[in-house]
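Next come two complexes built around chain A: one with chain B, the other with chain C.
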Partner chain A sequence: MHPNLSFEQAPPVSVPYRFFLTAPLFGVAAGLLLVWLGESAVASRWSGGALALTHLLAVGFMLQAMTGAVMQFVPVAAGGNVWRPGLVANLIHPALAIGAGMLVAAFLVHESVLFRLAGAILLTTVGFLVVVVGAALLRTPARGATILSMRIAVFGLAVTALLGATLAEGLAGDASWPLVELANVHAGWGLGGWALMLLAGVSYYVVPMFQLTPAYPAVLSRWLAPILLVTLLLWSVQLGGQSPAWQQWVWRAGLAVGAGFAGVTLWLQQRRRRRVSDPTLLFFRGAMVCMIGLLLSAVVMTLVPSVAEHPRLPYWLGVLALPGVFVSAINGMLYKIVPFLNWLHLQRLMGIGMLPPNMKEMIAERAMVAQMRVHFAAVIFLLAGAIMPEIARVAGLVFAISCAMLGRNLIQAARFFRNFRDRIRAAAPNPAP
Partner chain B sequence: MTSLTQPLHDHHKHCDNLFAEAEEAAHKKRWPQCLESFRRFRGELEAHFSTEEQVLFPAFETASGMVAGPSQVMRFEHAQMRDLLGQIEQAATQQNLDQFSGSAETLLVLMQQHNMKEENILYPMCEQSLSGQGLSLVEPLKARVEAACPA
Partner chain C sequence: MPRVIDGRELQPPEPLELALMALDTLPDDEELTMLLYCQPHPLFDILRRNGYRWTETVQDDGTHEICIRKA
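Right after this comes the complex of A and B.
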C-alpha cells in the first residue's frame, strides 16, 4: 500500500512559525521604505525604489509566509512526506531572508555584486525548496484539485526563480536580453503561476472547511490550474524578444481567470452554512474583491486608453495584487493557522483527557479585528496614492503599522505557546513525546 | 453504485449542518435551542466515530496490515474531539458564549481537517484495500449511519 504515508506528521511548530514571524518584518520594512521614498516610489514601475518595494512584499513577506504554510500544509493536508523539515527550515529560512534583503539592497543601490549574490542565493534556496516540496507532492497518495494546483504552483515557483535569477544577471551585467519581456513573464509566473495557483489550491481545501461553504464546483477546481498554466505559457512567448499584439489579451485572460476564482469564492462564502463571521473570512473577502478589482481595472484600461498609459497605473495594479490580494489572504490564513497549531501541539503535549485553552484564547479576536481594520485602511490609502501621490508616505506608514500589529499578534501567540508548553513540561517530568 | 464510504462522506455534511445550527443559536443567545442542537450534533458525531472505530477501521487494518497507521491517528483525533465536545456542552450549559465560541471554533477546525484527511486519503485507501470484500461492508455501514442520521 503506502508505507511512507505520513498522514499526521506535522512538523515541529518551530518550522512554520519562524517563517510566519519573519514575514511581517518585511511588511514593516516595505511600509517604512515607502515612507522614506514617498512619491518617487509610485511614479514608475521601473524605478529601483518601486522594484525594491515589490520584492520586499513578494519575496520578503509572501514567499516567507507561503513557504511556512507549504511546509505545514504538504505533510498534514496533502499527505506528503517533506524530507527532514527541521533541517530544511534551518537552511531555507535564513537564506530566504538574506536573499530578499540583498535583492532589495541591490535595487536601491544598483550594485552588480548584490544582484548576482541575491540571484544566486534565491535561486539556490528556491531550487532546494522546490525539490524537497515537489518530491513530497509527487509521492503523496492523495489526489484531487488541491494536489494538482500545488504541484503546478511549485513548478511556477521554480520558473519564477529561474527568470528572476536571469533578470538579476541581466541587471548586473550588460547582457542584451529583453529585460522588459523577461520582467513581464517573471511577474506573471510569480503572481499567477505560484501565488494564485497556491492560493487556489489551498482555498479548495480551507474555504469550505473554515466557513462550511459548499465545495468549489468541480469544473472550476479541475480546470483553473491547467487554464492558468496555458495562459502563462502563452504569456511566455514574448521571451523571444517580441511581444505580438495578441499578448495584450493574454494578461487580460489571466486576470479574468483570477477574477472568476474570486467571484466563485465570494459566492461560496455567501452560501456558507456557518453564519458566524470572523477576521479570516473578512480578510479573504477583501482579497477576492481586490482580485476582481484587477479585472475591472483591465476593463477600464481597455475602454479608456489614457488610463492604460498613465505612469502610475502599474503602481495601482501592484497595490491591488500584492497588499490587496495576497497580503490580505495570507494575513487571514495566519489568524486560523497559528491559533490552531498552538492548540494542536499543546494538546498533544498534554495528552487525551486534558485540553489547552481554546483557539480564541491564543490570539484575542479584538486584536485581530483591530489589525484587520488598519490593514484595509492601508490598502485604501495605498490605492489612493495612485491618484494623489502626495499621500504615499502616509499610506506607507499605515501599512507599516498594520504589519507591525500583525507581527505583535503572532509573537503574542508564539509566546503563549512557549509559556504554556513550559508549564506543561514543568508539571509533568516525562510528558508524551 | 454508492461506494463503501459514501455514507460517511454524506454524514460528515450532516454533522456540519447540526454544528452550524448549534453555533448560530449560541451567538443569538438562544441557549435552550443551542443545547438541543448541540446534543443532537454530539450524538450524531459519536455514532459516526463508533461506526468508523468498530466497523471500518478494523476491516481496513485487517485487509491492509496497517495497524499503527492512519486509522490509529484518526482514533486519536476522535478522542481529542470527544474531549472538546464535553467542554463545549459545559459552556452551553453555563451559557458562557466566549468559552462556547472559542471551543466550537477549535472543534470545527479540528473536525474539518480530520474529515478532509479521511475523505481525501483514508477513505480512498479503505476503498482500495476493501474492494474485494467491500460489498459485505456497505450495508452494515450504511445501516449504522442511516439509523443515526435519518435523511
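Right after this comes the complex of A and C.
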C-alpha cells in the first residue's frame, strides 16, 4: 500500500462542486446562443458566432468540469498534494468563468480590448492551475499510466492556453502571425493534448472501477499518451507558417489514436463483469461512438474530396468532438463522481458503524436517464444541422434543455449532501469538523 | 472463523458499505479479508482513523487481498 494515497488528502467537497455546478450554465448559454444565431453559426468555422459557441463549450463547460475533476482526482487517486485547494478554487473558479465570458463576448462583438483582457485572464488563470496541479503531479511518488497521462494533459493545457492567448493577441491587433496555423495547433493541443489525454488517464482508473470492466490493456495505457504527444508535436510543425502535405496525415493519425482508445473502451464495456447498464456507462458508450465517428468522417473525407471541401464539415467535426465526445463523457462521469463524493464525505462525518444513504438516492435514476435521452437527441439534432442548417435553432434549444436538466440533477445531489450533512451535525453532540 | 468480502463484482461504494458493516461487528481477535481489483483508498483512510491495521497483497490476477484487524 502506498502511505501517501488517501482520501485524507481530499479537498472539501465545495472545491470540485463549484466547478461541476457552473459547467452546465455554460452549456445552457451555448444552446441559447445557437438559438439566437441560427444558421449563421454553422456556416463557417471562422465566424464569430461559431468561435463563441466553441469556446462556451471548450472553456465554459469542459474546462470548468475538468478543473473540478482534476482538483479532486489528483489528491485522492494520484496521491498528489495540491497546494491549498480551497484558496486555489476560490481564485480559479471565478477567473475561469469571467475569462470564458469575456472571450465569448470578444468573438461576438469583435472588440480588441475584450480579446486582450480575456487572453490575459485565461492565460494567468490556467498558468496558475498548471503550476499548482503540475507541481502536485510531479511530486507524487505514485506511478503508472494515469499519472503519465495526467502530467502530459496538464502540459497540453499549458500549450493550449499559451497558443490561445497568442491568438487572442493576434485577433486584437494586426499581428502578422499565421493565425490559421496557430488556430489549428491550438485546437489540436486543446482537444488531443488536454481533453483526450485527461479523459484517457482518468478512464484507466475509473472505467474498470465504476463500470466493472477488465483493466485497459497495458500496451494501450502505456503507449497512448506518448504517441499522442508525438503526433501533436508533428502537428505543431505548421507553426513555422507552412503546412507541409504530410500534415494532412498527422491529424488523421491523431483521430486514429482517439478511435483506438474508443474502440478498446467499447470492447472493455462489452466484457464487463456485471451486465448492468447505467447512465454513466451509456454516456461513455455514446462518447466513444462519436470518437470513432470522427475517424470515419476522416476516412470519408479522404475518399470523397467534395466532402472534405464542404463548408459545414468543420461544424460536423466540432459537434462530434465537443458535444459528442467530451460533453457526453463529462456528463456521464459527473453522474458517478458527484453521488460517490456525496457518499464518501457523508460517511466521513458519520464515522464507522453508520452508513450514508444509498448512492442511487443522491440523483434519481429516472432524472439521469431522461437527461441522457435529451442530450443524445441534442447531439443528433446538432449533427443534422450540418445537412439541414435550418434546424440549428431547434438543436440549440434541445442542447440548452439538456444542460439545464444536468444542472438541475447536480443541484439535487448537492442539496441532498447539504441537507444530510446538516442533519448529521445537528444530531451529533461533537460533530466532526 | 475468517470473514471474507469479495467486492470484485460490486460497484463502489458497495464493497465499502459491506466492509463498514462487517467492521462494526468484528471481534478484536478476528480478521476481515477483502478481495478487490483496486486499492480502496477511502477504506484505508477510514481504517487509519478508527484504529485498524491491515496488510495488502496483490495476486497474479490483479486481485488486492486486504486483511484487516483491530490494532
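Throughout what follows, the second predicted complex is superposed on the first by the 424 of 433 C-alpha atoms of A that agree within 3 Å, B and C clash if a C-alpha of one lies under 4 Å from a C-alpha of the other, contacts with A are read in each partner's own complex, and residues count from 1 in each chain.
One rule holds for everything that comes next: a contact is a pair of C-beta atoms (placed from the backbone, for glycine too) under 8 Å apart; a residue touches a chain by one contact, two chains touch by 3 or more.
Not measured: the values here are computed from a predicted model.
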More chain A residues in contact [chain B versus chain C]: B
Which superposed partner A:273 touches (first chain B, second chain C, both, neither): both
Partner chain(s) touched by A:361 [first = chain B, second = chain C, both, neither]: first
Chain B versus chain C as contact partner of A:142, first or second or both or neither: first
Which of chain B and chain C A:347 touches, first, second, both or neither: both
Touching partner for A:77 - first (chain B), second (chain C), both, neither: both
First (chain B), second (chain C), both or neither touched by A:426: neither
Common interface residues of chain A - those touching chain B in one complex and chain C in the other: 1-2, 5, 7-8, 76-77, 208-210, 212, 273-274, 276, 340, 343-344, 347, 352-353, 355, 359
Chain A - residues contacting chain C, complex: 1-2, 5-8, 76-77, 208-210, 212, 215, 273-274, 276, 340, 343-344, 347-348, 351-353, 355, 359
Touch list for chain B against partner chain A, complex: 16-17, 19-20, 23-24, 27, 64-66, 69-70, 73, 76, 79-80, 83-84, 87, 98-99, 101-103, 105-106, 108-110, 112-113, 116-117, 120-122, 124-125, 128-129
Touching residues (chain side chain C, partner chain A) in the complex: 8-13, 16-17, 20-21, 23-24, 37-39, 41-42, 44-46, 48-50, 54, 56, 62
Sites on chain A touched by chain B in the complex: 1-2, 5, 7-8, 76-77, 79, 141-144, 146, 205, 208-210, 212, 273-276, 278, 336, 340, 343-344, 347, 352-355, 357-361
